[in-house]
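Chains: A, B, C, D, E, F, G, H, I and J, in written order; residue numbering restarts at 1 for each.
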Amino acid sequence: MNETSIETFPNPEPNRRYIITHVNPEFTSVCPKTGLPDFGTVTVRYVPRQRCIELKSLKYYYLQYRNQGIFYEAVTNKILDDLVAACDPEEMTVITEWRTRGGIHSIIEATYKRPNTE
Amino acid sequence: MNETSIETFPNPEPNRRYIITHVNPEFTSVCPKTGLPDFGTVTVRYVPRQRCIELKSLKYYYLQYRNQGIFYEAVTNKILDDLVAACDPEEMTVITEWRTRGGIHSIIEATYKRPNTE
Amino acid sequence: MNETSIETFPNPEPNRRYIITHVNPEFTSVCPKTGLPDFGTVTVRYVPRQRCIELKSLKYYYLQYRNQGIFYEAVTNKILDDLVAACDPEEMTVITEWRTRGGIHSIIEATYKRPNTE
Amino acid sequence: MNETSIETFPNPEPNRRYIITHVNPEFTSVCPKTGLPDFGTVTVRYVPRQRCIELKSLKYYYLQYRNQGIFYEAVTNKILDDLVAACDPEEMTVITEWRTRGGIHSIIEATYKRPNTE
Amino acid sequence: MNETSIETFPNPEPNRRYIITHVNPEFTSVCPKTGLPDFGTVTVRYVPRQRCIELKSLKYYYLQYRNQGIFYEAVTNKILDDLVAACDPEEMTVITEWRTRGGIHSIIEATYKRPNTE
Amino acid sequence: MNETSIETFPNPEPNRRYIITHVNPEFTSVCPKTGLPDFGTVTVRYVPRQRCIELKSLKYYYLQYRNQGIFYEAVTNKILDDLVAACDPEEMTVITEWRTRGGIHSIIEATYKRPNTE
Amino acid sequence: MNETSIETFPNPEPNRRYIITHVNPEFTSVCPKTGLPDFGTVTVRYVPRQRCIELKSLKYYYLQYRNQGIFYEAVTNKILDDLVAACDPEEMTVITEWRTRGGIHSIIEATYKRPNTE
Amino acid sequence: MNETSIETFPNPEPNRRYIITHVNPEFTSVCPKTGLPDFGTVTVRYVPRQRCIELKSLKYYYLQYRNQGIFYEAVTNKILDDLVAACDPEEMTVITEWRTRGGIHSIIEATYKRPNTE
Amino acid sequence: MNETSIETFPNPEPNRRYIITHVNPEFTSVCPKTGLPDFGTVTVRYVPRQRCIELKSLKYYYLQYRNQGIFYEAVTNKILDDLVAACDPEEMTVITEWRTRGGIHSIIEATYKRPNTE
Amino acid sequence: MNETSIETFPNPEPNRRYIITHVNPEFTSVCPKTGLPDFGTVTVRYVPRQRCIELKSLKYYYLQYRNQGIFYEAVTNKILDDLVAACDPEEMTVITEWRTRGGIHSIIEATYKRPNTE
């Protein structure tokens, strides 16, 4: 996986600290234990520095997980790592909310803050 | 664009710090990449100093974007810049929330604080 | 206007700091520019000292605005001034939320804090 | 207007009477009286015969109204006429629901039934 | 009252039976018993013949009730009578829904059908 | 009980068949088995003939049940009987919806139609 | 199972056809296949003849399923059979709505009508 | 009133600071001015020390207000005083939310903190 | 596709006409035009005769579409055909509701009725 | 009870402080006083250190309470103790929300923080 790269474009207002949020309610991956699909909503919220995430490439990045086996906790942290690597933000939070499995639904939330910032 | 100026009127209570919010759920502009329209809700929240934003001129200001190509991040920051220039507030936040494109919906939030305030 | 005075009654627990909220979703006044009625919800939230606002007189106080021309920002600040004068609270917030005009709806929020308090 | 034609494709199940609904909450046209934009949701519901409406061409068909002046009642009937002409259905209903103007919101609903049907 | 007349315009599609609905959530009149204001939502739904109701004149028609004393049942029937007289429809329904008074909220629904129709 | 009589007033439009609904979400009576209070919403919907139910007397009528022991099924039928006796309508429906007791909530719906009508 | 009998009481208005509904959102039984609990809402709606279902005994009747293995379709029909046997109604409908299992939620609806009725 | 005492039981985890909330949407008392019933939701939230409030006795405590005349502000503070006296908590908040009276609904919120705590 | 067969089990109450509904909000297939995934909710509602659909095999049947390219109209009719073939019901309806594509969301509804029934 | 152990797996990102939430709306236990079942939603939110809670074993852990008599306050604290013992987290909060009993619904919230942390 991960052959599709996340594209970025120059932040139109790099001198102002502002917040960008992208919500994808159509995320799906595969449970590595059961082989059955998982469905969830992935929310990315970040403060850009020099680069912003390009929306269409983000969509294709998410599509790569469609048939990949990966646990909730791992995919949340991996999305955060990949997006931080792509756009080097001031800070970024990734929240994944999963549909009910075995009567339980789960939410994972991970945050990155740039070292030595502010 | 921007031929229509944002009008203002004197703040009726300039000695009290209070908050004014205007929500426009009928904002539309054009995606510069695809030429297709974008639809969103624009929320402006500010603490006035000497001048308040006149509501009708705000409506006409928004109408100027109807056939203009501009990205989410850029239009959010431009609205903030234009409105700050028009009324010189203590502080102002502009939030744009966009309808789903490619299965993803986005929210951009930018804030201005007057230098040397408080 | 303002011939109707806001009545008050003794705070039954003046030694405890507590919060009283009154929400009126049936407020109406007149736009001074167009002569057309405005409709809104007025919320008053305060910490009483010696006196509490009597609910029925508050209703009649609001009725006085029914045919009066006054702007959003002005009426919000005036209600705050009148109610503070009537009951001398520790602090009070008035929030007015207005129905859509020209596709935009507005919210005004003003707060009073008693000097030298706390 | 109407230079963009509505495309169709062969109904995959012409022997079964079934119902197709397409909901577009991003419709906008222009009020011929005020020159200001109108915003609404257009719902098309039909029973196909030999041809189904192609979704992408429907989107482009709607875009043609973006800068056209036309009244609620007229645009609802025109969409019905155009779509009936394009796909010759057993029956079709078009419902337009419009955002508040002057404190009033409106809904128009028009239905076509094929003559000598059933 | 009733000095303001309801204006109409030619039905753009007089040969098709279709339905027009106008919803006004900002109706207010006065209770003749208590002198206090009543607030409600008025919905008008009709099948036009030769004439449609013009929206702006409908708004002004409703404004005439703002300071008039009239009971729920009477005002509902009067609006129906006035609008039927103005546009001579195939059929029309007026529904008024009133905010809580004395812990009870009320809904009145009256319908007109043109004699010898259908 | 039943010392308070339900008052009526002349139907302002006795020649038109129309529908009046009164919803009281603040009904309370007492369970005859446990002595504990029951809480519910009572909805009355009727087509008037010569007389309409006066709203304030309806409120006082409901208050009579506050400390009376009576079962769901009985109180629903009794309200219907009393209101039919008071105003002699074309038809009337009484619906009572009760808050959860023992994990179960209940709804009772009874209808009266005038004999030899229509 | 079924040791607990459903109790009934005399219908207070046997001459009027009216509807009684009892909703239990706390039903639970056990899946006979997996041994895992199922959770659902059971709604019973019926027109009584001579006897009404007593609410407390209904609650205890439902409790009998708590540790019993039974399929959705079977339990719905069994509840209907048992309640019809207990109170001999004009007609009765039982609806069971089940929480998600394997990403799918299910609803079963069964109706009894008394032979030779109406 | 107040003949019914609030019962308590030993806190099962007195060494951990945790929060208990009880919400009663079926509270009713009487307005001392009009003699008419008031309806509201009472929420109690507290951090227990040695004793927890027993739920059934709390229900009976609330029932004592059913026919008692008392103002919103007074009843809120009295419930707080009585419950604090009964269980001596670290801290406790009582919130009462009242149904609309004269078009206005009210919320009262009072908090107790144990002296010398934390 | 279709290697996975839909399993059935004997209807526990073949003499009663009743309704079974299974709702799957986690359906996904692929758009044959764009290669991008579609997401939707599939609802199956049927009256069984001798056989009921087994829930787990239904889940696996739906999974077969995960990477298959197929249009909305075609997949709806195909699911109906396959399920009718599997369990030979009195009647069956399949409804597919699809997430927004190009600003438009769609609903397809197809019904089968057994010939010579009732 | 407690024969079923809670299983854990290695935290895939032990160097990042992130939050995991599991919500179970299908929890049921038995009231020790009445012997009747209680129903609630149990939410567990924690910051993992070396181990994460395995979801399937959590489901089976909850099932152990199905026929056990235990009070709200006790079960909330016991779940917290058991889960902390199982995975040794940085911090953990357990919230139990219970369905209405005697007209009152309750919420219990308990938090653990690891000593000498942060």
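One rule holds in what follows: a residue touches a chain if its C-beta (ideal position, glycine included) is under 8 Å from a C-beta of that chain, and two chains touch if they have at least 3 such contacts.
Keep in mind it's a predicted model, so treat the numbers as computed, not measured.
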Practice problem: Name the chain pair with more contacting C-beta pairs, choosing from E-H and F-G. | Solution: F-G
Quiz prompt | Repeat of interface A-I, chosen from C-E, A-J or A-G - more than half of residue-number contact pairs shared | solution = C-E
Exercise. Report, in whole Å, the distance between the mean C-alpha point of chain D and the mean C-alpha point of chain F.
Key: 45
Practice problem: Could you put a whole-Å number on the gap between the CA centroids of chain G and chain I? | Solution: 28
Quiz prompt | Distance from chain F to chain A - Cα centre to Cα centre, in angstrom | solution = 56
Quiz item: Touching two or more other chains, which residues of chain E qualify?
Solution: 25-26, 39, 99, 103
Exercise. Any two chains that touch count here, so list every such pair.
Key: A-B, A-G, A-I, A-J, B-C, B-D, B-I, C-D, C-E, C-H, D-E, D-I, E-F, E-H, F-G, F-H, F-J, G-I, G-J, H-J
Quiz item: Once bound in the complex, which stretches of chain J touch chain F?
Solution: 39, 99-100, 103
Practice problem: Could you pull out which chain H residues touch chain F in their complex? | Solution: 25-26, 28, 36-37, 39, 63, 66-67, 99
Quiz item: Once bound in the complex, which stretches of chain J touch chain H?
Solution: 71-74, 76-77, 101-112
Self-check item: For the chain B and chain C complex, residues of the former touching the latter
Solution: 11-13, 16-26, 48, 52, 55-56, 58-59
